[in-house]
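Listed after this line are the structures, all set down as structure tokens.
In the two complexes below, chain A is the common chain; its partner is chain B in one and chain C in the other.
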Partner chain A sequence: MSNNIKHIGLVCRTPPYGSSRARELIDIALAAGVFDQKVCLIFLGDGVLQLQSEQSPISIEQKNHGKLIDMLEIYGIENIVVQESAMRSRNLKREEISSDFQILDDTSISAIISKQHVMMSL
Partner chain B sequence: MPTLHLINKSPLSNPALGECLKVCGSGDAIILLEDGVYAALNTQKISNELTVYAIEDDCSARGLTPEKINPAAQLIDYDRFVDLSCEFHNCLNWS
Partner chain C sequence: MKFLINVCAGPPSQAASSALRFCRAALRQGHSIERVFFYSDGVYNANDLLSPPTDEVNTQQQWVELHDEHNIELCVCIAAAVRRGMLNQEEANRYDKPSANISEPFIVSGLGQLVEGAVTADRTMTFSA
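This part shows the complex of A and B:
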């Protein structure tokens, strides 16, 4: 089965809660992880807002997106990339983000995209 | 390996094109379609290091006649769109 393994790049560009896009892309990542695919999750632009610590969506009666992000590692998704410039413009601190995530500049992210077999963005 | 980026939102109201350009690699190309064709207006800047295509049908539907379009953007039809989709290693849709 090893020849069926693909490098799948998933680009997260939407903030959580406002739409179902953020949640659906993470669901795709988890599903791909279950099938042993090599998933690379890339948080770009407003997508980095999904990583905001201390989310408490009980007030808007939604499930905690931050908890979903915490589950990625359990599903074997270890390749998680965050756009540094997007973090900076949204005042997101390095300390708020799991130390397992790679914080990279635009050029490095471009190089990662070029290495994927399949790309998808939501 | 080069990627073909698809943009279908106006750059004036949606960050898709801006986010795409930040991570565009050398050899990559962009196809502007649907409302994305507004990025081909000659009021918008297009880097000469990039290959940019715009779907002609979407341009003419929106009244973007060739003289209103930045000469750096190449007008293409759907057949060429299909050919390009096959030529590139993969496609990334920024919808």
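This part shows the complex of A and C:
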């Protein structure tokens, strides 16, 4: 690995279950965290549902995605941005997600995206 | 410009085909490809059992040709691959499976290769369905 440190923005747009995309994007974030990159996770659209603190996917035989989200902090990923309008249209309340996440409007999110060196989504 | 190509869709999707065509176009214009990383459903591009009808393209073969012509690294994410039953011989032995379906020039490695490539390259392009 070169000594380069880059700002890597990862856009999470998929719901926590239904496909492996949500988990696979978080896995990129964790790997980038291990390599000491500056990661910013941006949750848009259905992606905001990944952050719901009470998830119980036992009945669909899936692992709890919320536990993976909880791992982010351990990997040094603290820059987590959530789309306010997506939360509102899905009736997701502020108290249903961790208070560590920044809830922002689209203009602010756009400004954050423009500061990243690398953007990835799945 | 140096590109990292992140392929997240498998054949016969348009996204996989677009990734290949993008690589060829970039090389033709004098750019370089740092690495092609196959992630998520993109790992299916490495399936050497693909057997499309003769009048359709074989995506796996096309990647091999790209490698042979330009010596481009083709790297498959091990976690995404194994989860989907895509194994090279070493992994087939490890998991005690009867056969393997990933072979050289595809190499099997971790997500660190995606991150390392994204950091080193000038641009990261993701092709997803």
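As a convention for this text, the second predicted complex is superposed on the first by the 119 of 122 C-alpha atoms of A that agree within 3 Å, B and C clash if a C-alpha of one lies under 4 Å from a C-alpha of the other, contacts with A are read in each partner's own complex, and residues count from 1 in each chain.
Going forward, a residue touches a chain if its C-beta (ideal position, glycine included) is under 8 Å from a C-beta of that chain, and two chains touch if they have at least 3 such contacts.
All of these numbers come straight from a predicted model, not from anything done at the bench.
With chain A as the common reference for superposition, the partners chain B and chain C occupy compatible, non-clashing space. By the touch criterion defined above, A:L68 reaches neither chain B nor chain C. Once the two complexes are overlaid on the shared chain, A:K115 sits against chain B while remaining clear of chain C. Our angle of interest has its tip at the CA centre of chain A and reaches the CA centres of chain B and chain C; in the overlay it is 60°, to the nearest 10. In the superposition on chain A, A:K6 makes contact with chain C only, not with chain B.
By the touch criterion defined above, A:Q37 lies against chain C but remains apart from chain B after alignment on the C-alpha atoms of chain A. Shared-chain residue A:I28: touches chain C; no touch with chain B.
Once the two complexes are overlaid on the shared chain, A:L49 sits clear of chain B and of chain C alike. Shared-chain residue A:S20: touches chain C; no touch with chain B. In the superposed pair of complexes, A:I103 makes contact with neither chain B nor chain C.
Put simply, the nearest alpha carbons of chain B and chain C end up 5 Å apart when the two models share chain A. Residues 118-121 of chain A touch chain B in one complex and chain C in the other. Remark: chain C residues 6, 8, 39-40, 79-80, 83, 110-112, 114-116, 118-120, 124, 126, 128 touch chain A in the complex.
Against chain B, the residues of chain A that register as touching in their complex are 11, 13, 44-46, 83, 85, 106, 109-111, 113-121.
Those residues of chain A that touch chain C in the shared complex are 1-2, 4-6, 8, 20-21, 24, 27-28, 31-32, 34-35, 37, 118-122.
For chain B in complex with chain A, the residues that touch the partner chain are 1-3, 15-16, 19, 22-25, 28, 89-95.
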